[in-house]
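In what comes next, chain A is part of two complexes: it sits with chain B in the first one and with chain C in the second one.
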Partner chain A sequence: MWQAGSKESNDCLITLKKSDKTKIKIDSIVGHLFHNQILNAVKDTLKSDNINNVEVLVEDKGALDYTIRARLKVAIKRMMKDV
Partner chain B sequence: MTISNNILEAREKRAKLINSLAEQNKVIVSLKANIPGNNKSSYLAYLIINSFSFNQLELEIIKKHFFESEDGPFYLLEINSIDLHEIKAKLIAFENKWPLGRFIDLDLHTQTKQISRQRKRKCFFCDDLAINCIKNNKHSVKEVFDYIESKTLDYYQGLLFNYIGESISLELNLNPKFGLVTKYSQGSHKDMDYKLMIEAKKTILPYFYDMFLAVVRTKKNLKDILIIVKKIGIEAEKAMYKTTNGVNAYKGLIFHLGLIVTAYSFIISRNEDKTFLEVIKQLAKDFFKSKADLNTFGQYAYNKYNISGAIGEALEGYTHVSKALEYLIDFSDSSLIQTLIFFISEIEDTTLLKRAKTYDYYLEVKNKFRDLEINKNSIENLTQYCIKHNLSFGGSADLLIVTIFIKKIMVICDKINL
Partner chain C sequence: MLNGVKRKIPNNLPRFVSSDDFLNKKRKLVSKKKKQLKTVFFNSYEEVFDKFNIKDKTTLSFHHHLRNGDRVIQEVCKVIKNNKLNDLHFAPSSIFPSYTNMTELIKKGNITNIHTNYLNGEVAKVISEGKLKGKLIMNTHGGRARAIESGDLAIDVAFIACPTVDRSGNGSGAIGKNACGTLGYCVPDLEYAKKVVLITDNLVDKLDDYQLNGEYVDGVLVVDSIGEAKGIVSGTTEVTKDPIGLKIARDCSVLLSDLGLLKNNFSMQTGAGKTSLAVVNYIKEIMIKQDIKGGFASGGITKSYVEMLEANLFEKLYDVQCFDLEAVRSFKENINHIAMSASKYGNPFEKDIIAEKLDFVILGATEIDLDFNVNVTTDSSGYLIGGSGGHADIAKGAKVTIIISPLIKSRIPIIKEKVTTITTPGEDIDILITERGIAINPKRKDLIKKLKSSKIKVFDIKELLDKTHDITGVPANIKTDDKIIGYVEYRDGTYIDVLRKVHDDYIK
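Here is the complex of A and B:
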């Protein structure tokens, strides 16, 4: 399991786990408004980093798009270091 | 738009720090300023987190920690509490009622979770939820920053204007008052009256905000800051003399409040190791050095009797004001008069020396105040005596105003200590 971020307001905590296929779970305080936007940010980032077969959990406290992307990139980096 | 990795790392670090405290079963309140953009440690962040005293949160604070980070300055407060919802309610209530509360993040953290607000904040500019505007990039970083800046500066402008104005008025409206100008009497001052004092007050008030502005936005050291604020002080003096046709109504006060406002502005706008008192002393020392060759009565008194008057009080770090706070329990007439009597008895008042003519008589007058049994009659009689002998106590009146101002500002600032 690899993590990046925090659960402070305007931030998010990303948790990555190995998986047999890509799964994305979003738990956001603004999920009712921005679920798809967050989902797209995650999908985009995974694609650009060429990552498959991970389980992504986004615990979002109202982070901006670029924060979510940056947090996910760091989590991926931490994962790659170990693999 | 991107966010600096340093800011993200700093947030992760803070979260870990909070977790490690929360794991020890501690209840933590974090406080930081909510400033957009990549510079989180601007003077604004400090002005916002230092705009109130922790006492105003009405929490039982066991310990407070201060940190500087790439995500800006922040405090972590360890709280003694059982009812977490009550604390959260208090934090939200404070954010809602405090003029700069909208720019403050007060968050509650415990071992199990961070407790979030149920209702989301609204945007400054439109009626939408703030999160909508932020997510959709509706307003630029500059637009939001400028808004926060103007609101914060407005707040401090109002604060200085009101607190100093009220402090001067409380002294001026006190009556009777031993030869000093009151609403009903010119006292021992043939060239001054109530109206003139009010006009002088109105004239000098805006200059203290000018000093504040000059201090909070500069990265200069105290020596250079003194040069700037001294210029503003001299402008204030000139404007006062113009208003009063050359009568010295508040020159000493401009000096005292100039130093105090400068020191206050300095310590609340940056991460500063020096205390308020240390800054005051340093400023006074540099001021004294630069003033040593001036031909004033204060200089004469210093050379002849080693009486250093207003500058002496500042050099000592206002020890008499510190003591006077014990007399100034509230702003009632009886507290005010007791505080004034304390100053007249204890300080070296060059106004009195000038009017008493001889040093022996100067001491005699001070003793009259020291031995005074305070009641309505004795105050009235001594006032008559002072007017008859043309005595007055401008230096003491100035320090009374200073004490009132300090007492007011202590309520909203934990960094003010004498």
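Here is the complex of A and C:
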């Protein structure tokens, strides 16, 4: 399991796990307004980093897209270091 | 039918027209309650219920001066549960998170209708989710006084928590182990409820100075404790350290200066939040530097205003509720720290009210829309999170009404095309100050003109909305449930908006 970020206001905590296929779970305080934007930010970042077969959990406290992308990229780097 | 702010209000109900419309109406006033010759002393809450014949469908009122420290409303709820009473109508001036005993009574139908000016915590949550069988009516502080004095809100029994009471039934909030200062919100209840009981934990022989006149009091109940003083403190005594809040506060003080609003004898009111406190500090600096002495500040009074009164920067403080223990102390000691009733504060039909004498007010917003309508009642998914309190009253009364808020709070833009719920009509909102720019209501051409030579850049509110969406993305439209759970009643007694149940998808 690899993580980046925090559960502070305006931030998000990203948790990555190995998986047999890509799964994205979003738990956001602004999910009712921005679910699709958050999902797209995650999908785009995974695609640009060529990442498949991970389970992504986004625990979001109102982070903007660039924060979500940055946190996910760091989590991915931490994962790559280990495998 | 659409009302004056384009909200659909059911046909049989009074529709909001405009904030000035009360001028076209005649004041409705019922007579005050008969004065008493003798005050009865009770031994228990149960005895009060028995003697005042509190049964199903009775209307009970309370005040919120003890805020999260209040124990009276909790005890009354216990008796209602034990006596298995149903369909009660509750009219507390506000509802706080500590009023937990109300929750079960709402769910089970013991309490079915509520009038209040502000609510948050568990009670707000269950009502938002549609658990109140009747309706919730959200008033303003001045509007509640109007409703009581006009007979629109008829109270059977007022339970008034009172820090000190004397043997004649006179009451004071200034002294006692649970002293909370001025008791402005319960004055209409005292004078107009059919029966009035003061609940105290400090009985004295004789009070020379009192706010509540014993001639209106039917009974007194002495208990071990009416609450806990530490729960009384509301707001904060800390100035914000957040750079966004500080920028907003500094810009606000510059703007006030540029508009010429800081001059001898000026009057003002702010909220009690951390950013408001920073604004007050900047104003204080300007007053000292330029040797300005203000006329009065009003409100919910906090420590920072007490310090300014004591430093001779204001002549007087008009106080409807003390927000912290320093304000309580000052209210007791300083003759220029003056109590005002809810009616004298903001009732549109009362003469010479304080709200009408204010030069400027600085208020918050959960949402503000392109018509400058403000929501402080519900959040972005429709949950009840507050209410007007005095917001709509002083926004109408003051010559200049300023909203301060960050443009984005946890990704949520505060500017919307249309606010979820209208608490205060846009016609009474003049200026919005955010960390990324200021917008002025186009109808205030005088203010726009005055700021022509100012360093402050003024944006169209739509430009600020577009700037926000560039950062956050465009939020989805929220789903609403059809079920009407209540109404937002404007201060003149008309309905400015409808409250709907939170959509099942958002229930937490």
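To be clear about the criterion, the second predicted complex is superposed on the first by the 83 of 83 C-alpha atoms of A that agree within 3 Å, B and C clash if a C-alpha of one lies under 4 Å from a C-alpha of the other, contacts with A are read in each partner's own complex, and residues count from 1 in each chain.
Going forward, a residue touches a chain if its C-beta (ideal position, glycine included) is under 8 Å from a C-beta of that chain, and two chains touch if they have at least 3 such contacts.
Because the structure is a prediction, the values reported are computed rather than measured.
> If you stack the two complexes on chain A, which partner ends up touching A:Val74: first (chain B), second (chain C), both, or neither?
After superposing on A, A:Val74 lies in contact with chain B but is clear of chain C.
> Would you mind checking which one, chain B or chain C, touches more residues on chain A?
Chain A has more residues touched by B than by the other partner.
> If we overlay the two complexes on their shared chain A, which of chain B and chain C does A:His32 touch? Say first, second, both or neither.
After superposing on A, A:His32 lies in contact with chain C but is clear of chain B.
> Based on the superposed arrangement, let me know which partner A:Ser9 touches: chain B (first), chain C (second), both, or neither?
After superposition on chain A, A:Ser9 lies in contact with both partners, chain B and chain C.
> A:Asp65 contacts which: chain B (first), chain C (second), both, neither?
Touch status of A:Asp65: both partners.
> Applying the touch criterion given at the start, work out whether A:Met1 contacts chain B, chain C, both or neither, answering first, second, both or neither.
In the superposed model, A:Met1 contacts neither chain B nor chain C.
> Which residues form the common part of the chain A surface touched by chain B and by chain C?
In chain A, residues 9, 29-30, 33-34, 37, 61-62, 64-65 are touched by chain B and also by chain C.
> Touching chain C in the complex: which residues of chain A?
By the definition above, chain A touches chain C via 9-10, 29-30, 32-37, 61-65.
> Spell out the part of chain C that touches chain A in their complex, as residue ranges.
380-381, 409-412, 471-473, 475-476, 478, 505-506
> Quick one: which bits of chain B touch chain A in the complex? Just the residue numbers, please.
1-3, 5, 8, 11-12, 14-15, 30, 105, 107, 114, 116, 120, 131-132, 134-135
> In the complex, go through chain A and note every residue touching chain B.
Counting only chain A, the residues touching chain B are 4-9, 11, 29-30, 33-34, 37, 61-62, 64-67, 70-71, 74.
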